Each structure stands twice: as C-alpha cells, then as structure tokens.
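This is the structure I want to talk about, given as structure tokens.
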Amino acid sequence: MTYSYYPGCTLKTKAKELDRYARVSAEALGVTLAEIEDWQCCGAVYPLALDEIATKLSAVRALDSAKKEGRELLTLCSACHHVIKRVNNDMLTNDDIRMKVNNYLKLDTDYVGETNVVHYLEMLRDAVGFDNLKAAVKNPLKGRKIAAYYGCLLLRPAKVMQFDNPENPTILEDFIKAIGATPVITGYRNECCGGYVALEDKAIPQKRANMILEEAVSKGADTVITACPLCLYNLETNSTIDNKPTICYFTELLAEALGLK
Amino acid sequence: MTVNEKELAERVIRISGVNTKKCMKCGKCSGTCPSFEEMEYHPHQFVSMVEKGQIKKLMESKSIWTCLSCFACIERCPRSVEPAKLIEAVRVCVIRQQGENHLKANAVPEKLDENMPQQAIVSAFRKYSK
Amino acid sequence: MQKIGVFVCWCGSNIAGTVDVERVAQAVANEPGVVISTDYQYMCSEAGQLKIRQAIKEYGLTGIVVCSCSPRMHEATFRKTAQAAGLNPYMVEIANIREQCSWIHKDKDEGTEKAIILAKAAIAKLHLNTPLKAGESAVTKRALVIGGGIAGIQTALDIADAGYEVDIVEKSPTIGGKMAQLDKTFPTLDCAACILTPKMVDASAHEKINLFTYSEVEGVSGFVGNFKVKIRKKARHVKADLCTGCGVCTEKCPSRKAPNEFNQGLNKRGAIYIPFAQAIPNVPVIDTEYCVKMKTGKCGLCATVCPSKAIDFEQQDEIVEREYGAIVAATGYKLINLDNFEEFGYAQNKDVITSLELERLMNAAGPTKGTLLRPSDNEHPHEIVFIQCVGSRDVSGCGKPYCSKICCMYTAKHAMMIRDKYPDTKVHVFYIDVRTPGKNFDEFYRRAVEEYGVDYIKGMVGKVVEKDGKLLVQGSDLIANEQIKIEADLVVLATAIEPDPSVKNLATMLTASIDTNNFLTEAHAKLRPVESPTAGVFLSGVCQGPKDVPETVAQASAAAAKVIGLLAKDKLTCNPCVANSNELLCNGCSQCANVCPYGAIEYINKEVNDHGKREVRRIALVNEAVCQGCGACTVTCPSGAMDLKGFTTRQIMAEVDAICK
Amino acid sequence: MQINENNKEFKPLIVAFCCNWCSYAGADLAGSSRLSYPANVKVIRVPCSCRVNPMFILRAFQRGADGVIIAGCHPGDCHYTSGNYFARRRMTLLFSMLDYMGIEKGRTRVEWISAAEGAKFSATMNEFVETIHNLGPNKKLEDLRCKE
Amino acid sequence: MQRISEEILSKCRALLEDGTADRVMGWENGEFYYDVTPAVFTKDNLDNMIYDDFCASNQSKYFILESKKEGKIVALLKPCDTYSFNQLLKENRINRDNVYVLGIPCDGKIDVQKAALLGIKGITGVKSVGDEVVFETIYGEKSCAKKDVLFEKCMSCKGKKHMIYDALSNEEQEPETAIANEDFGNRFAYIENLEHMTPDERFDFWRGELSRCIRCNACRNVCPACSCLTCVFDNPKSGVDSKANTDDFEENLFHIIRAFHVAGRCTDCGECTRVCPQNIPLHLLNRKFIKDINELYGEYQAGADIELGMPLTSYTKQDAEPSIVYERGGNK
C-alpha cells in the first residue's frame, strides 16, 4: 500500500512527533508514505467565501500531484485534511470554482476532483483495519484510560468530510481499543478548543481547553489524544487546570504500542 | 437601509452563498455556538441582520473576530442556512477594505509564544487579514 | 360522414372577452360534416345543455364539439348531456378555448384564430370517433385492510358494520398498533388503552372481520373489484386453535434476552411472548431468534408446561390466497432513526429518550408500572427537558422536511402530566413554534403553561452532554437572546415520524404511488384525500401523512365509506378508452405485454381469418377491465396492431394535421 | 409556420403533446393563473407521454410545425406508474436520431410538468417558442406539398 | 470445385434420414456462380445444396413461416444469424419445436461488387486460403486479400460463436466465447465521424444517401427484425401508408421509422446495407441506435440471449433525460 503523503508545515516544525511516529508506524504496518514533492502550505483554514480562489490553489496542486502518481492522498494534520478534502469537494461539485482554478493553474489536464483524500486514521480503519492493527501491537497500552479529542476539523461538515458520525464518532475510540487501552468517552470531544483565536485572545481557548480537560479528567482519563497540532497547543499550553492529563498525538501512542518508541 | 448597505448585503449574500430566507428562526445555531458569550451579535442574529441589510453594525462588531469557525452551527442547522458562512463573509468584507487588516504583521511577534504551531499563525493570518 | 354540431361557449366574459365566439362559430360552420355551429353564454348551464340536446335531436347529430373550458372541467357534463339526447357519450369532443386560449392570450384576433384552430382539431378528431361502450366487471364483496392499528381497526369495523367481509392483515403478533403503546391521549387525556382495547375486541369478535395477525401481504394482482392477494401467515410456532392464552409458557420461558418491542426496548421479554396483556389474539408467538430450543434444540420448556399441547416447533409459514374488491393501506408509522442527531446524545446517554419511550415509562403497564423513573438509575427525574422538532422540518438531509404534526400536542400532554403527577419536577420545553390547530388544542397547550407552569423556551438545543450524572443541556433562549444551560435528569426528544418502511414494498405491489417522503399519495390532495390514484386502493391513517388519533379515526372512517361505496356496486363500469389489438395485424411478439404496467395484456393462440386465410396465430388480447388506457403498448407495437380507443393513432394524427394546417 | 404578411415576422408553430394527468392539467393551471404564452402553441391531449408515437412528431413537422414538445408527469409520478419512463427512452433515442440526421437539436423537447406547475408550463412554452424563433422555420423536415 | 463442406452435407443428410427433420433450409446456385439463392431441400434434392463464401444471406427470418409448417426444418445458421434467430425466439415469432438449428462456421462472406471493383469478374469458383481469397474466373485465377472483398457486415463480425444451436457442423472450431474481430470495436467510428460534423453537413450527408432510395423495400424485406405480418407503410388504415417516396420527407420518414421500429431489437446483422441496390449505408441508422443504447442504457446486444428485457421495453429510474441529446455527441 502506497499513499501520496501531504505532511503540512506544522508537521515539519512544531508537530514533528505527530509526523515522525506516523511514518515509523506506517512503515511497520506495511504502508508506504511517499511525500509529494514541492508541496506548499495548505493555508490552514478552508476559505468559506465563495469568491476565494487563490487560497485554494495550493491544495489543488497537492491533489493534482497525487492524481499524477495515481494514488490516494494521505493527510495527518486535521487542518490540512480539512482544507484539502473540502477543496477537493469544491473541485468535484462546484463548476465555478473548478473552472476558475483550472484557468489559473493551467495544468496539463484539468483537475476535476479525481483524487481521493484519506486521513491517516481512515487509512488505519479502512485499509489496515483495526483488527489487523490490534494483531500488530507489540506493547498493548493496558490499563491506560484515554480520552479521544476530535476537535472540529476532522468531523465537520460531515456531508463533505465523511469521516465519522459528527456527533458520536467512534474512530479514535476504536483506535484506542486496538492499541490495548480503554477509551474514555467525553461529551466535549467534538467541541471547539478555541482554535486560531489563541493568537488574538488567549482567554477564549483557555476557557475552552479547561472545560474539555476537566471533563476528561472527571471521567477518569489519564491521557488525551488528538490529531491536530492546534488542538494540542490549546489543550497543553493554554489550559490552566491543575491535574492536567497527558496530552499527546495519537501517533505517539500508536508508535508506543507498536514498540517503536 | 442605505444604498451602500444594500450593496453590502448583496455582497455578503454572494460571497457566502447563504440563502437567509431559508432560516426558520429555530435558534439551534445560537444554542450550539461555543463562542456565544464572546459575541455581541449571535449567530441567529447574523442571519436576520443580513436579511434586514444591517451589515455595517455587523462589520463593526467584535463578534466577527470571535467566531471560532468550528462549523458546529453549519453542521447542526436543520435548514442548511449555515450562519458561519455569513460571519466569514462579513469578516471578508471588513478585511478587504483598505488598511483594515485586523491583524497587522508587525503586531504578530508579541502575540507569539514558543509552543504556538504554524497552523495557528497561518490560520489567524488568513482569518484576520487579506 | 358524421353530422357534427359545434357549440361555442362564452363562459360569460371568460372566453368571450378575448375570443370572438361568434366568429369561431362562423369559421367552423363550413367545415366538412358540420351541420350546425352556434354559440351561447353558458353551455354548461341547464339552458345551454338544453340547446345541445335539442340540436342533437333536430339535426340528427352523430357527434358534438363543445368549445369551452378544459375537458378536465366539463367533459363529463357534456357527455351526460349527449347521452341524455341519445348520443353515445364518447361522440363528444371538447376544444379547450378557455384555460388554453382565452385566459392566456390578450389579443382578441390571436385568441380567436387559435380558438378556431382548436375547434377544427376537435372536429377533425371527432370525424374518426366511434361510439364506445364501457365494459363491466364484477365486484368481490370483501375488503382487505393492511395494518391493524387504530386506522385499520376503525376502517375494518365501519366496513364490517355495513355488512361486508373484511380481512385485517397485521405484521406483528397483535392488532393495536402504536396507539396501544400510548399512555393518555390529548386533548382529553383519556387512557389510550381504555378507548382502544374495546375496539380491538369488537374487531376480533365481529363476524364479518377476519384477523390475519403475524402475517404479511406478499403479492397483489388483479384490479379494482377483483384483487387477488397472497398473504403469508408467519409461523407462530403456537397452534392458535389449541392455545387458551393461559400464559404459562411465557412465564416459564428461561430466555430473557429479547428487547420488549411493546416497551420500546426499555425492558426484556421471553422468547415466547404475548406482546401485552390485552393483545388480540391472545396467543403467544415464539421469537425464533431468541428461542433456545429453536437455536440449539435443547429446552422446549414451553411445550412441557403447555396444558393444551399448543406448542409446535415444526410449524411452517403458510400462504393463503384471498380475493378482494377493495384494499385499504393502513400501515402507519415509526419514529425516525436518531443517528443523525447525536448532538442530543440519544445513543450515548440512557437518559435521553424518545417521546414514545416516555409513553411507556408513564404507562401503568409499562416497565416502571407507571412511575416515572429515569432509565439509567431508576431515580425520579427532578428536572426534565423536552426538545421539539427533532428531525422534523429539517431540509439539511439529516431529518425530514415535513412537520410531524403530533409532537407539539403530545409534548404539551407529557409536560402537563408530569407536572400534574410530580409537582416538584421542573419541566422545560424547547420549541421552534408551537402548532396547535385542532379543536381544544391551543387551550390544552395554554393550560400546560398557565395552570401547570411548564417552562416553554423559544429556542433550540444545540448540545446535550452528560456531566456528573446529569445531562447538561445547552440551548438558546431567543426571546432573552441568551444561551442557557440546564442540568437535567431526563431529556425527551420529540422525534419525527416517518411512514413504516413496509409501505415502499406495498406501494409497488399495489401500483400505488408514494411521495418523496414515502407517504402514500392521495388521488387528489383536496378532493380525493382517502383514495390512492390506483382504483380500488384506499388510504387510512399516517401512511398518507402525519396525523393524530382523532384525525386518523376520521380518515379511517372516510376510507371505509369509500370502500363501502365501491363494494355496494354489483358491477363496475370500466373506462372504455382502453387499448385494443387488431388480431390481423398482431405479430404476437409480446413487446406490448412487456411495457404494460397493469399486466392487462395476455397472449392467446387463436384461429384468425386473414382475408380468407385461416390460421392459428399467437395474438395479444387486452383485458379491458384491467387496462387503464395509458397507451404505452401502442407505441411499442411496430405493426400498429395495438391502438387506443378514444385516442387512436389516426385521431391524434388528424388533430396534428388540423393544427398544422 | 405562419408568416405574417405585414411585417414578415416569423411566428413558429408549436405542437405540444401533453399528458392528461400532469402537463395538460399544468396547462390548465397556467390558464387559470393567467400566465400567458404565445398563441402559436397548440396543445394536443394524450393520456400519457408514452402514447406519443414518433410518427406523430414527424407528422407534425411534415405538416408544418416548427417545434414539437412532449410534456408529461415527472419521472416517478406517472399516473400509470411507468409510462413516462418508456417515453423518456423513446424520445431520447428519437431526438438523438433526428440530431444525427442533421435536424436542429432544439426543435424537439421533452419537459416534465406536474399539474401544480402552471408557472413552469408557461415559462417552458415561452422559452421553447423563443428557441424555435431563433432557429427559424423548419426547412429540413418539411413537406412542401403541405405548405400553403 | 466442392461448394459445401462434407461435414455440413453429411450432417444434414443424417438428420433427414433418421427422421429428425424433413427439410433443410440452405442455399442453391443461382444464374451465376456468385449468385446464390436461399432454398429449401428435402432428401431428394439435398445434393443441390451449396455453402461457401458467397452464401451471405441471413435466413433467420424464413423460419417465422417455415416453423409454422408441418414437420421440422433444419436451419443452417452462421454465428451472426443466431443472434437474429434468438431475437425472433424472444419475440415468440419462431416455433422452436419445428426447427433444428445446425450451427455452421463462417469466415466472412464475399461481396462480389467489391471484387468487381478490384477487376475480378466472371467468377466461376472461390476458395479462401488463410487471409487470402482465390477466385477462379473465366479470365484465369485471381487472388486478393480477403478483407478487401468482405461485406461491410463481416468487417465488424460479432465473433464465431453460435448463440443457439442443436448441433454444430464443426464442434472443434466453436470458440468458448464470442470474440468479436478487431474491427467490431471500431464499428461506431463512422458514426462518430458523422456526429462530429455540423448539423448541416449531416443533413446533407443523409440527403445525399436517402435521396437515392427507390423504396424497393429490399431492406425491410430482408431484415429479421422488420418482420411484421403487415407493415404500417403497407397498411392503408395506418394513416402513414405510402408505396413510394414522393418527396424528401417521405424518404426520411420511412427510414427513421424503420430504424425506430427495430431499435433495441436490431442485432446489427447488416443485411439492410448488403441488399440495398442503391448502396445506401442503412446500417448507419440502426447502428446509431445501438450506439446510443450502449452509451445511455448499458451495453446491449440484441439476440445474445432470450431472457433479458429489451432496451425500449425496459427502463431505470435514473435514465438520462432526452435533453442529454443536446449536450452529448454531435456538433453543437
């Protein structure tokens, strides 16, 4: 199994662990991640305004690059996944955007949404299979009580993201079970952490992060996992509660369970 | 509504692609919004104010900078009105004005801390400036 | 050559305003075959009709053309007029010079010209008309009611009381339907069981009513007056004729794993069970999915304890074929699946329940014996939040676009009853609109607010989260322009209703149409609301659209009246505008049978006399009682053997020719 | 085809085959709602769109029609459950054949118009007349003997 | 020169002798060597039967009447004929009980007109040798590449497998599946060319072709799908009867309606074009419908089976709207 891989800028800097452990784990699971060449930053937010074209171009370049390789495009960072998946959907369904983007990019052949965008977790669930993952685990994380924090970007809008039930997702919980730990289900696992507002006003993410972590702790979680560097940052740096649980990327635990850490 | 505001309202509708007439005023968006308390005008008000053409008030409101773009109101809206798209459109109308970038580049360094990921900076730039 | 009379109607100024009626009458007066052409103010009036009748007699007319309003409006009227004067009613043609001419054109010259052409087209067609005689078919004096809820029961009782036999086919082991599960009914708060169970008993005791419970319709053929229906009687594994309904088997059954459907799965039942105490018939059924004996071969305790040896593990499904003159669909509804509304946490929290579950939790025969206890810990809830419109009025694709109609009223009922029984309990209702059109309905809702102090909040809930054993409900209060959070013990979702899924298959079998929401379509939204467009098929209850109990009963009786009207006839007159195969031209290729939606065409081997040459040929034969006259066969037939009476190929081409002249 | 002698204006002749249950009723509704469309549209009532034989369409062109439109119930709503589905296939193939033989594509059309769509009926007819007007008179399928 | 293989002849003889059948439908020599003609044989005249590269006609249609007669007839069917035969069975036109189908091989049939264009005239014998064909003529032996003298219909052969048979004259030769020849895939190429023309060019093309039609009805009479007892064009009560084309419109009408009547039933046997004395490529009309059906409703080969529904008597709820014609193919 080989995927075209789009790491994204945060994974090259602040979120190296997210990337590193994803790569070694994939290798151990027989999945090849071929990083696409010359990728550019996805823009980190999906431009909701219908007349934004320029901000969608880099995502289309990445998508087209995977199309040329004839492979699915694998993402890891929630923001990158969100942006690329939604831009791809625009290219598939919105005639106006498709025309303008192609007019601008002047690719050899028009890009019309052919590439399938897959998140690392979807790859684990659908291609590897959680049962196979469980069988590959060398170091089951027995006794660990882990709360999954999904955030917003992977789940919503569900019609486009098609990731999981947006209000009652199970993919991370199934992942937690597969690596031998016990999932702790929290009500705020799909509530926003405060997002990019952190740059403007730390008070909002602080309130949100505390609320999310307090619930996880109250339900007995010792660890909170996420797939998003911004979520991790807000939960870790901007929360102020005392008995903070361990907060890490899901790939770190994956690598740990596979005996690669 | 002045002519200028009417144009603005049309622009907001066009940029957002939202049909405000589909709103049945159930208030689920405002029941959902995680940033409700930080907002002067709440998501359901955005819909009715755009409908009424009161764009300037919205443009001047701090509400547009506190929307987290979490898409919860988009996800849960039973009428596919999706207020976050309106908030984004109003925000776009503001930052596309000359000299109205909400976030100025030279103001960034002081806001940074050592753990802040690129993603936060890039997305904030995208949200706050043109 | 036909002798044709042309009658141009003014329709007051409706036609005469933009069409020079006199000029129309003059213009066609010299068309071939036209012996009289005249105009009059209101042709459909008694005086106008008299004019026509007199002309028919005076001029010995063989056909008439009426230039008037749409044939959909008065074709039947003028056919009767013609018939009264001794003319075959199918020798009447209408030129639609009102809806399709005078009302849409402003220029009088243009309108008049067009009216003349339309009149000429009608004349050209009429030249090729032949007198048609409607066929007749017998009526089987028995009705089938599919679904044994309150709608089906009421329809069956009314038909049976009129003296006709009725069969009820019900797919579950007992009749009673959803109403049997309800605790009280609005707006009078009668106990549902108290008013329903006597009707159930009446139905089972009625000599004209035959119950097929635990049975399903498998196939329908035939046509109005003459349906043939296959019914599958599923194996109960209990011999109904021997069983006394003592219930020993249900008590002794060691399996207690099956969710109790009657209690919405809030508790468990045995593998052999009677759905509820007043079930009819009072005969248990074995749930083979849970029965230890059926699965492993070991157990058989029920057979051992049965005093009348009624248990039969070998029993097989049985297929019966019955004939009916009319069929009533009364298949009812179910609640929608709530997977798309997990922001309310139905799957994640036991104490988030549907309204139907609340009915069971408040019912004396329910799992809590009528004491309101919350499912998670059997504690009294002290603060309850109701959320209205869950899945209704939703066009996002997650729910249903329509209003489920019953939720506002039952939520008011629930809120009122809880406040009445447990005055210490706080009750909040989140609503978008409160819809109470109905006799004493708004008064009822206002009583809930004013007398019982139910807290109605104009707004919607965004999220429900479990927190320290409570449910944190976050919603909006639009009047206060606030976001509010309520720590509730119980959350009740007024869940949208949808047609029972069995209706889709049934609609196909009945060739009855369903709308985009799978509700059965009525023949006319206003004027024929209890008939399906398929002749002989009628609609009763929620299968046609959301409705409450009184409305359902009203519609059920209306459907019964329609059925009685049909069964009262000894013969049905068929539409004579049906397909007809020319046996000398028919190749016998069966293509027409392949496109016939009614199976009206059969093939026979028949000796034909083709210009003196006698031979046996395979030819198409149209069953005129079954054919509905669509004409699909006529175009499929390459040889032109198949034609449609009243709309023959030559008639239509004559119209084309006249219009294009 | 009618050529007005005074201004030589081309007034296309349109034959509309309308199914009795939906489109004919839709045409009636257009009338009772006073939604006008040009008088050169003439409606022929047929029980179902599936009654329309390709022969009728060719006949209309032969006798001087400039455009032919077939209107029926929306797919799924046929009064006879499946008639319009057969009509849809037949007309698709016939139109494709006419196109293949070089007849202008716009001269034939199928529309699904329900009994409730009076506005759609009127709008469709206005649009169709406009299309045919732009195409000009039917020359390719005419039969000169039938011309005045 | 032996004009029929021993296998076919002996099989037929055996069938007649053991009483399985009492007649054989085959070919006999006509006025000229290449001028073969369909004929019915009995035990007595079976020796007159021939079958060689000139026996091109699709005889399926004859069995509509032949199968209604007493006794059983042996049908000699080439692979492509079996499609037509099957289609007629599907339409209940042939009494299967009265026909014994003997599948006979075919390597493509020779169009004597094409041979004449190559200067090969006065033919007195023919023999295929691999890709070559050798003619004996009164001017001596001449040879050419077989593909240069094949009928149009053989250029796009559907394959050498028989769709239906009671026995085969040569079982070893019978392929497992119907493998169409290379050109079969290209059979729509000419139609695509036409589609890419402007409407006016297409119109002119068809006027050029159809204006030559003399309404001899050869196409209709040979067509196995066009087998109505009475054709609408012959029936005075149909309202469209006409014995001769009196103008352009009627030339078009006849061929459009004929193509439409056989749409979904035409097996693309190509007989219409083969028999047209005016050399009108009539198969381009029928094949256009086949192309449209394949593209819009899924690949369909009439006569490949006797169970499946036919394209014009079936539908799916998702079928394309007629407006698709405005969007696809053709010059806009």
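Note that the chains take the letters A, B, C, D and E in the order they are written out, and that residue 1 is the start of every chain.
Here is the rule we go by: a residue touches a chain if its C-beta (ideal position, glycine included) is under 8 Å from a C-beta of that chain, and two chains touch if they have at least 3 such contacts.
Because the structure is predicted, anything quoted here is derived from the model rather than measured.
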Inset, instruction - Can you give the shortest number of steps from subunit B to subunit C, where adjacent chains in the path must touch? - result: 1
Inset, instruction - Using the touch rule from the top, work out which pair, C-E or D-E, shares more C-beta pairs. - result: D-E
Legend entry - Closest chain to the centre of mass proxy, which here is the mean CA position: C
Inset, instruction - Return the chain whose centre of C-alpha atoms lies at maximal distance from the corresponding centre of subunit E. - result: B
Legend entry - Separation of subunit A from subunit C, taking each centre as the mean of its C-alpha atoms, in whole Å: 48
Legend entry - Between subunit D and subunit A, distance of the C-alpha-averaged centres to the nearest whole Å: 55
Inset, instruction - For subunit A and subunit B, let me know how many angstrom lie between their CA-based centres, rounded off. - result: 24
Legend entry - Whole-Å separation of chain centres (CA-atom averages), subunit B against subunit E: 70
Legend entry - Per-residue multi-chain contacts in subunit E, two or more chains: 240, 312-313
Inset, instruction - Would you please write down the residue numbers of subunit B that are in contact with two or more other chains? - result: 72
Legend entry - For subunit A, residues contacting two or more additional chains: 166-167, 191
Legend entry - Chain-to-chain touches, reported pairwise for every pair that qualifies: A-B, A-C, B-C, C-D, C-E, D-E
Inset, instruction - Note which residues of subunit C are touching subunit A in the complex, please. - result: 339, 341-343, 345, 347-348, 397, 463-468, 472
Legend entry - subunit C partner contacts - residues on subunit A that touch it in the complex: 159, 165-168, 185, 187-188, 191, 215, 218
Legend entry - subunit C partner contacts - residues on subunit E that touch it in the complex: 68, 91-93, 226-232, 235, 237-240, 261-262, 309-310, 312-314
Inset, instruction - Over in the complex, which subunit B residues touch subunit A? Could you list them? - result: 14-17, 34-35, 38, 65-66, 68-72, 74-75, 84-85, 88-89, 92, 103, 108, 111-113, 115-124, 126-128
Inset, instruction - Spell out the residues on subunit A that touch subunit B in their complex, using ranges where they run on. - result: 8-10, 13-15, 41, 43-45, 47-52, 55, 77, 79, 152, 155-158, 166-167, 191-192, 194-201, 204, 208, 228-230, 232-233, 236-237
